[in-house]
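Consider the two complexes below, in which chain A is the common component and chain B and chain C are the respective partners.
On to the complex of A and B.
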């Protein structure tokens, strides 16, 4: 064992000790209202981070040093594994991913508590206690049932290597981003609980954690899209989302977090929905932990079985404690949480936001219910039933389409109230554009009802968003006499929260257009000898030849597939069927010809003894727009994250107005 | 315009799909059954060799002229009811379908009632802030202060 790896286990024990100390110190600090205890608790959280980071460095060093005396290193890496994937092995297995989670948790906690000293010092004690409590749980897992530093004897000469499916660039980014998203939600959750425990129920808890919430949501969003991109380019079934329980585990907290991001705006603007907002952040964090439980417990069978482990029984009591504690404290503070203000009209942006919230939560419940139903059915009837994509598509798509419609309506309605006449006038043009799109597509031969509704709603919502940008730009052009580009830049930069949000909405609309394209997917398969051809959509695919090469890691079989469209050659694709030597596992590498209209997607499922290739080919219309939409969402998130923190703006306003007032006195 | 929208949707509702090719029937079925070889994944999405073989068998059955229902019956006979990728829409499976619908309807109903009660309840005292009269001069001063606060664009 390397000397640094020997430090890993003791570092985790030390980190657990500091987290326990932080928990006690912060609770005492909160109860006694003592700054010195709270300060000591905050420093203990920092120390816990230091030791957890040391353990992480120890594990990464052991992976790169091929220290197969550690069971984890032997299980998830090998001598032939390339450098980047050796780093990926850090989160490729259960114990390593839990350590990665805990490093993030203690690191984020340290930063958030430090920053809150300036923004929201009154909540630090309870927030520190909650964060320390969560890290105690994860460190206990790492010290007891899931230690990444368990040793092996005798020491194997080589490791088993990383699952070939995980050896892709997407997997280097997708899991860390999902974990980052899950973990970053700890911060708004902890501050919400702190607000409840300390009875400081003003907007402070979410204005000072707004960036954390946006950061968590952005990381989760990008992580989910990258997961889809990984599935599309690696798994070889022509799709990107399978409603797999582990995919659902990341999607459920995303849905409730999206609802939360919208509903806090109502609390900011109207001091309403306080109960709803604390409940939403509690739900989001509980679903993030539940997602981790689903992934790690092996309670549900899924393609992600490589993460099954013995820690499921630890998660359930923790989840129950968190939920019961959270619900209990919300109930205890019901009187303080009641809103003074009321909705002034059904025709108001508040109402649209609330309707959007209900849809998001209903969608999250639907996904949760479908995910756990097989267990429910087995427990209640003794019969195990399957719940797969047909169920989720049937129940989720109508909700999703309604959300897209509201995404267009919401920004058009004014706060407080709007007359029906004014609403009719403002919605007229986007609605007409939606109807024109549906009619045109129908005239062009599109007959899928779902796709037509989706395209119509996307057109309506896009038109509504564009009209908002146009309205904002017009004001700047008139007032500042500047050109259209400058006016658009000014519009966005002067209200980055609002227009950043619209950019995100535009990205979502493009993603939905890409998803709707799946209704027109074409798929063909055939067994081809060299020189044979097959037809898929308007493409003719000819299997020209096969090249075989062998490396230390794998035996590669590359087929050259010549592609022509309407008898015109348009290129050659090179799908592969490889055999990973360490794992004794075959794996297909997909070849894709991508574009805004459609993707040609080719995968070889096998080669027979005579060299004939079993080819599966798909034509996937509009898939390209999913990735473009995700990139635009990313741009919107960057604009949102660059907007000034409300807490900082309030502080600046207060100081700017206080100084002239003091000078006047 | 309303007549136009209605005409589009009526046409959509009565549109008749063309007869599907055997491979399309097989693809559709494989998307609606779980793979007996890859836990938690439909047959369509399962990469294993056994799944490829089963997809080929389904295509052969479709080429032999078996209907979608006949092929599904064969599969259920061979692999049991769990091969269906969705719970049955009757008996104990009905609860899987009804609960999300009831929950969504219940949530929508409660929200509607709450919104109506709030909207017909007493007005927010002073709206969301004090009732102030803003003169054009005030507005200009406010804009200038906000521009100063936001800094250079």
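On to the complex of A and C.
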């Protein structure tokens, strides 16, 4: 064993000790309102981070040193595994990914507590206590049932290697991003709980953690999209989302977090929905923990493997404690959480935001239902079953379409109240554009009702968003007499929160267009001898030949598939069917010809004994727009994250002056 | 409990709030229950023994078991193999593309119907013979 790897276990014990100390110090600091206790607690959180990071360095070093005396290294890496994927093995298995989680948690906690406003010591003390409490749990897992530093004897000569499916660039970024998202929600969660515990229930807790929330949400969003991209390019079934429980695990907190991002705006502007907001962040964090647990416990395949799994029985009590504690403290503060204002009219921005929240929470509940229903069914009736895509699609298509429509309407409505006439004037043009798109598509022969509605709503919403940009730019053009491009950049940079949000919306609309394209997917499956052809959509695919090569890692079979469209040759695709030697497993590598109109997606599912290739080909219309939409979303997130945080003074003014003034109305 | 004027919620408003909330919950519950009855929304896992006892099933089920070693036969796009639970063997035939992890002794789930001693699968899922944990 390398000497550094020997340090791993003791460092985790030390980190656990410091987290426990931080918990006690912060609680005492909060109760006594003592700065010296709180800052000692804060330093203990920093020390806990230092030791957790040391353990992570020890594990990564052991992976690169191929120290197979560690069970984890032997299980998830091998001598032939290439460099970047050796790093990927750090989060490829359960123990390593929990360590990764904990490094992020203690690191984020240290930064957030360091940067928190010093004029609010109690809030910081309680936030420190909550964060330390969470890290105590994860460090206990790492010290007791899930140690990444467990040793093997005798030491194997080589490891069993990383699952070939996980050896892809997408898998290098996707899990760390999801974990980053999950973990970063710890910060707004901790500050929300701290606000409840310290009775500082103004907007302070979420304005001071707004960047963390946005950062967490952005990381989760991009992580989810990359997961879809990985599934699309690696798994070879032609799709990107299967409503697999592991996918659902990341999607549920995303849905409630999206609701939260919207509803805090109402609290900020109108001092309403305080209970709702703390509940949403509690739900989001509980779902993030639940997601980590689902991914890492084996509960997915069956309830039985779950109880056999090493960490399942630790997670449930922790989750229960968190939920009961969170709900308890919300109930205890119900009176302080009452709204100052109330809804004035159904035709108001507040109502639109509220409807958005109802839809997102309903969506999250649906996913939760579909994900845990098999577990309930098995526990209560003993019947093992699975809930499949038809369930999720049936609920999500109507909910998703309602959300897209609302994305268009919401920003057009003014706060408090809007007259029907004014609303009519402002939606007239986008609505007309939506109707034109539906009519045109119908005339072109599109008969799928769902797709017609989807494309119509996407057109409506894009038009509404563009009209918002146009309106903003017009003001700048007339006031500052600048050109249209300059006016647009001024519009965005002067109000980044608003227009950054609209850019994200535009990205979402493009993603929905891409998803709706799935309604027109075609698929063919054929067995081709060399020289044979098959048809899919407007394409003719000809299996020209096969090339075989062998490397240390795998035996490669590359097929050359000549593609022509309307008897015009347009190129050659090279799908592969490889055999990974370390794992003794075959794996297909997909070949995709991608474009804005449609993707041609080709995968070899097997070669038979005399060299004939079983070819599976898909035409996936509009899938390209999903990735473009995600890139635009990323741009919007960058604009949002670059917006200045609400100034300290203005936050104080809001909480001290506006609230009583509003209360006296 | 002290309430300032703006805190007070007058009874008709509160009633409206509850009625609105109840409608939303009812619509969502209806949507979920309806979706659960869609074909393929929720399907039972069934073992070869249970399937043999049932004789034939007309609705789609998920047959779960282990691939009997040396039972896999391929003829063009048609794959035939035996799924076993160590007690009863069921012959499965399918023209679906087989997953990469499908091999002797894999854990499989064959989705399809059973009639006249043959299980006709429209889709086959497989898990490697527990060599490593795959996130698939």
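One rule holds in what follows: the second predicted complex is superposed on the first by the 633 of 665 C-alpha atoms of A that agree within 3 Å, B and C clash if a C-alpha of one lies under 4 Å from a C-alpha of the other, contacts with A are read in each partner's own complex, and residues count from 1 in each chain.
FYI, a residue touches a chain if its C-beta (ideal position, glycine included) is under 8 Å from a C-beta of that chain, and two chains touch if they have at least 3 such contacts.
This structure is a prediction, so every number in the text was calculated from the model and none was measured.
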**OP:** Evaluate whether chain B and chain C can sit on chain A together after superposition, giving fit or clash.
**Re:** clash
Original post:
Counting only touches as set out at the top, which of chain B and chain C does A:259 meet: first, second, both, neither?
Top reply: neither
Original post:
Which partner does A:449 reach: the first (chain B), the second (chain C), both, or neither?
Top reply: first
**OP:** Check whether A:384 is in contact with chain B, with chain C, with both or with neither, and answer first, second, both or neither.
**Re:** both
**OP:** Please indicate which partner A:639 is in contact with in the superposed arrangement: first for chain B, second for chain C, both, or neither.
**Re:** neither
**OP:** Please work out whether A:166 is in contact with chain B alone, chain C alone, both, or neither, and reply first, second, both or neither.
**Re:** second
Subject >> Which of chain B and chain C A:394 touches, first, second, both or neither >> reply: both
Original post:
Touch check for A:362: first (chain B), second (chain C), both, or neither?
Top reply: both
**OP:** Determine, under the contact definition given at the top, whether A:605 touches first (chain B), second (chain C), both, or neither.
**Re:** both
Original post:
Who does A:435 touch here: chain B (first), chain C (second), both, or neither?
Top reply: first
Subject >> Residues on chain A lying within both footprints (that of chain B and that of chain C) >> reply: 235-236, 301, 340-342, 358, 362, 365-366, 369, 373, 383-391, 394-395, 399, 525, 588, 605-606, 614
Original post:
Any idea which chain A residues touch chain C in the complex?
Top reply: 75-76, 93-94, 160-161, 163, 165-166, 235-236, 246, 295, 301, 335, 338-342, 358, 362, 365-366, 369, 373, 383-392, 394-395, 398-399, 525-527, 583-588, 603, 605-606, 608, 614, 616, 662-665
Original post:
Which residues, counting only chain B, touch chain A once they are in their complex?
Top reply: 1, 4-5, 8, 11-13, 15, 17, 23-24, 27, 31-32, 34, 38-42, 44-47, 49, 52, 55-56, 59, 81-88, 92-93, 96-97, 99-101, 103-104, 107-108, 111, 115-116, 118-119, 121-125, 127-128, 149-150, 153
Original post:
In their complex, what parts of chain C are in touch with chain A?
Top reply: 1, 3-4, 6-7, 9, 13, 24, 28, 31-32, 34-36, 38-45, 62, 64, 74, 76-77, 95, 97-98, 100-101, 103, 127-128, 131-136
**OP:** Spell out the residues on chain A that touch chain B in their complex, using ranges where they run on.
**Re:** 235-237, 239, 242, 244-245, 269-271, 300-303, 305, 340-346, 351, 354-355, 358, 361-362, 365-366, 369-370, 373, 377, 380-381, 383-391, 394-395, 399, 415-416, 432, 435, 438-439, 442, 447, 449, 452, 489-490, 493-494, 523-525, 588, 605-606, 614, 649, 652-653, 656
